[in-house]
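Next come two complexes built around subunit A: one with subunit B, the other with subunit C.
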Partner chain A sequence: MENLAADKIGKELRQFIVENFLFGRDDSFSNEDSFIEMGVLDSTGVLELIAFLQKRYSIKMADEEIVPENLDSIQRISVFVTRKLQATG
Partner chain B sequence: MCGIAGLWNFNGKLADAERLRQMIALLRHRGPDACGVYTDRDFGLAHARLKIIDLEGGQQPMANGDGTLWITFNGEIFNYVELRDELTQRGRKFRTSSDTEVILQMYEEKGEECVQWFNGQWAFAIWDARKRRLFLSRDRMGIRPLFYARTDEALVFGSEIKALLAHPGVPRELDPVGLDQVFTFWYTLAPRTAFQGIHELPAGHSMTVENGKVDLHRYWQLSFDGNGEPDRSEQRYVDELRDLLTDATRIRLRADVPVGAYLSGGIDSTVIAALAKDCVGTRLKTFSVAFESAEFDESRYQKDAVKWLQTDHHSVRCSDEDIGREFPAVIRHTEKPILRTAPSPLFYLSRLVREQGYKVVLTGEGSDEVLGGYDLFKEAKIRRFWAAQADSKFRPLLLKRLYPYMDNLQSQSPAYLEAFFRVRPEDVANPFFSHLPRWELTMRLKAFFSLEVQEQLKSYDAPAELRAALPRKFGSWHPFHQAQFLETTGLLPGYILSSQGDRMAMAHSVEGRFPFLDYRVVEFAARVPPQLKMKVLNEKYLLKQAAGNRIPPSVRNRPKQPYRAPDAASFFSPDGEARHEYAKKLLSPARIRQDRVFDPRAVEKLVQKVQRGQAIGVKDNMAVVGILSTQLLVDQFMRKG
Partner chain C sequence: MLVQGFLEDSSRRHPEKTALICDGLRFSYRTIDERSNRLAHALIATGVQRGDRVAICLENSAEAAISVFGILKSDATFLMINPTVKTEKLAHILNNCRAVALITHKRKLDSIQDCWRQTPHLRTVYFAGSDGKTPTDADKQFLSLDAVLASEAHSSQTSPVKNVDLDLAALMYTSGSTGVPKGVMLSHQNIVAAAASVTAYLENTPDDIILNVLPLFFGYGLYQLLMTFKCGGTVVLERSFAFPHAVLEKIAQERVTGIPMVPTIAAILLQMDLTKYDFTSLRYLTNAGAGIPVEHVQKLRKLLPRVKIFLMYGQTECIRTSYLCPDEVDRRPNSVGKAMPNCEVFIVDEQGQRLPPGAVGELVVRGANVMLGYWELPGETAKVLRPGPSPAEKVLHSGDLFKMDEEGYLYFVSRRDDIIKVRGQRVGPREIEEVLCRMPGVREAVVVGVPDPILGNAIKAVIRPVIGASLTEQAVRAYCASHLEDVMIPKQIEFRDVLPVTESGKVSRKELKAEL
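Right, the complex of A and B next:
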């Protein structure tokens, strides 16, 4: 069940990243690839990503949660969002 | 200030005076006051004149005493008075009081080395009718433009590319490599331009053409090879800078028409206006741009400077919509793709100058490069400082000192700031250390290129080409000097002095003059120790010391804010509507597909993002401006049928 939710989140995230940051051009990256190393995210991109996550999953992110450890790949975000959703029940 | 053009047929055909007239007619905005053509069998010169010095006697093309040398000249030789005195003492006679004749006589005296004596901004062609030899030259810093094309049967040259395109042998094709360079560095690597087969004479170069053979040579290069003077006091550096800037400004006020000044509200233009004010007998006239958008507006500081200097000030206010409205005209003048709209307000500013009856202005351009003002220098300094002790907790905190005017960056968590600016170990020794973040960000925009263009560029590496052209001793220079060299020899001539400078001013027949780019100031600044240019993180420290209380404290102590303008907002309103019909048309999927430079689907998604109000970052904004300006370039110069 948890894996299923994470899978769905991963797919949605991939679509969001490809549409908004890659403009539909390249979806060949893996779920573990770093957004920063790929050059996908700049400072504005982080803000866009946070806005998307907060709205789409109705979660609130504290300042200390806005770190690459939580947000720098599809895999990391999926884990982070799943954990947040579980915590809020 | 003027427009020049010329052609040399190598197939024996007579030079067509009508063709020359067509070429120069396209440059009339550079010189609306008079026009002239000269032909000598298969060779011809043309000139469009903006009368500034020797209003009655300076007609061009101009010949020497016996008619064996002919010149067409755009620019100013500011030390022509001193050179003329020296030549007169040696017994030479002058028929005019123009600087043009001084160039001719210096050429007679010194040959092609004459340019070493010139202090100024120039692009000229001298025809030696006896030797049937052509000599072209361009100033040290690349202030005045000069383009040329070698076709199968002719050499064609001129101040702007549009004059060359009047010749049927010159192709009208986009150069994908030039495009790649703009989408990497923001400029093309001279002599390359955005047009296939059309070259620009690089700054600090001359060119000789004889028997159909073209010989390009460098006569000056910015160098940081000197070891400096370790025992020299800071005060002596301050005094010398002040003296040099005072003289650089003084000789740049030489004109037979009144000279005004731009006043942006920054330190550089305020210093120049203050120095000019001391020299002109009347009240100095100053000009500035104000923005409706508060994020970009510097009116507060402009008012402080005007009050302090008591100038007669005039300002033009630009809305976001205004900036987009004139963008097609802007690109018609830049003749290359650009990634920011910043030239557009300067187009309005030169119009204001002209409306006020002025045709010459001093500006503060060049100071950031020469005296170390850019945030990029500060960023490189912090990143290098941090890289020297990568596990430091304290050093990355300095990143907060960067780009205080960029809200998106300032609102980042420390962890993300560190992630964005972290130095990769392999980058520490990279000669482009200072510029890698900017270039890597810009290169991301190449993802918008069509598959066809990407295929053409797949084996091309723009930084590798630049690396191969670096001076031999570049690697031994101080990192601050390496960054200064890249900025002063790259972005300055390739974008600041051209797209933002000459082309925007000359669009309304206005000549810019730049005291900070007097070669004596530039060579002096190259000898100043880096720690006096940026003291810890205090940029342009030496200039601030030299300025003292000549400028208002609010301007001297203000946080550095680079000149910027609204980008995507100039083309799309907050409700997502295209503000201008041309933008809607040129960014449409059908047009993008037809022009084949960009990928229609990617551009469509970018436009949708802009329309949703989500394209708020630097990269998306640069993409919009870069794509639209390229589309305008293709539309205005390269469209077939």
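Right, the complex of A and C next:
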């Protein structure tokens, strides 16, 4: 059940990243690839990503949660969002 | 004095002191100096000669810093290129200055491979990093930068230099209103003069630890590296301000004393709860690139009352022009102060006559910091570098409209051309319009800046499609993304059947802007 949810989040995230940061091109990156290394996330990109996550999953993110450990790949975001959703029940 | 002297002198004075902290690694002055010496020897061994141009297309990294000094130590001229550049523009810049070598990241090689057959002057490509395959090309030599920097084959001692301070140190490509990027020629003397003035008013010392999140391809970011090395301080070099929390934690960890900002950074800071961070080590914040809203200055003053805030103004063509003394910031938060040390400014009308206080006119800059001109563009150069008060000199006509008050403080009014400042960086709308007009289905396009709370200005494209064409916002963005740097991709896109035109039938950006 949990994996299914994470899988769904991963798919939605990929779509969001490709549409908004890669502008539709090159979706061949893996779920583990670092957005920073790929050069797709800048300061305004992170703000857009946070706005999307907060709205789509109805979660609230604190400043200290906005770190590469939570947000720097599809895999990391999926784990982070799943954990947040479980915490809020 | 030559610019590499900043590094060499500091390395001689305190070789083991930390010069650079980047990606969790600490580099001493000795290490940076020795590695840049190795690179200089390698460049010379592959045929780089005095005055040749060598391009750097890297993210903020130790390799980028070492490359700047390595190139200068080989008597060549460096240019920094935005790492999100696309093949077409990269090839254009490399060809425009006939660069003989390029230093980039291995990850980037694949996406720019079409560049190789378009750049006949480029002989050598150095790549940082190791993931990905090494390309082969009959005309080019591909070399690992990491191997060069570690190799005992190249001496870590300084190579003899022939350059004098009138020689070109850097070419800084900047967006112009003509649509074609122009290479601003900066001599060693220009950079040394500007760095001396700026570090004097910021009162930098070897104890300064500067946290730099600004890109090194941006003059304001590059100067943080050069000036801190000049003073023998430490640069904490970050890739970007994408993760503000992680960056702000560094202030306490490294006891940061100075942070250069653009207005976008201030806007992001003010969205955060700054009481959670330890700012006790911080001596100053600077703002440049674009004007910061008064409200943001006042909020920062309230939140960080002990921190000095320097509001500054400059442009690539002269690096820096003016600064407001931090003691004045509460009284005139909308001023960019007065000319910096060893620099003079005045305001003139369209005939070049000096104007009295209160009158709006173009700001003219006089000083050793003023560029030599635009690379191989004598016409463009003559428009901005014009005869000055003494017969032999040229002064810079900034293209920025200002007024001065009775006490001599400067207030920015507007740009005279259409340049849009996004995240403090100059974006020429013509360059974007030209790309848009090449897209199938686009008949006409106009690009303007619209106010944005974070970016300062966001780029808006208004497009008139060919009848029957089915363009989508997403398709337009995708097209732009494959031809333009990230900062130039329109954030807002609107389709219209009719665009306002001037009497001569040309699309009127002015009218459209007024309407929006």
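In the analysis below, the second predicted complex is superposed on the first by the 89 of 89 C-alpha atoms of A that agree within 3 Å, B and C clash if a C-alpha of one lies under 4 Å from a C-alpha of the other, contacts with A are read in each partner's own complex, and residues count from 1 in each chain.
Criterion: a contact is a pair of C-beta atoms (placed from the backbone, for glycine too) under 8 Å apart; a residue touches a chain by one contact, two chains touch by 3 or more.
Just so you know, these numbers come straight off a predicted model, no measurement behind them.
Student: Which holds for A:G39: it touches subunit B only (first), subunit C only (second), both, or neither?
Tutor: Both partners, subunit B and subunit C.
Student: Under the stated touch criterion, which partner chain does A:L47 make contact with: subunit B (first), subunit C (second), both, or neither?
Tutor: both
Student: Check the residue A:I66 against both partner chains and state whether it touches subunit B (first), subunit C (second), both, or neither.
Tutor: Both subunit B and subunit C are touched by A:I66.
Student: Can A:L22 be said to touch subunit B (first), subunit C (second), both, or neither?
Tutor: In the superposed model, A:L22 contacts both subunit B and subunit C.
Student: Overlap of the subunit B and subunit C footprints on subunit A, residue-wise?
Tutor: Comparing the two interfaces on subunit A, one with subunit B and one with subunit C, the shared residues are 19, 22-25, 36, 39, 42-47, 63-64, 66-68.
Student: Give every residue of subunit B touching subunit A within the complex, in rising order.
Tutor: 406, 408-409, 411-413, 415-416, 419-420, 440-441, 444, 447-448, 599, 601-603, 605-606, 609, 614, 616-620
Student: Could you pull out which subunit C residues touch subunit A in their complex?
Tutor: 59, 83-84, 107, 239-246, 264-265, 268, 272-273, 276, 423, 454-455, 474-475, 477-478, 480-482, 486, 489
Student: Where on subunit A is subunit C touching in the complex?
Tutor: 19, 22-25, 36-37, 39, 41-47, 63-68, 71
Student: In their shared complex, at which residues does subunit A touch subunit B?
Tutor: 19-20, 22-26, 36, 39, 42-48, 63-64, 66-69, 72
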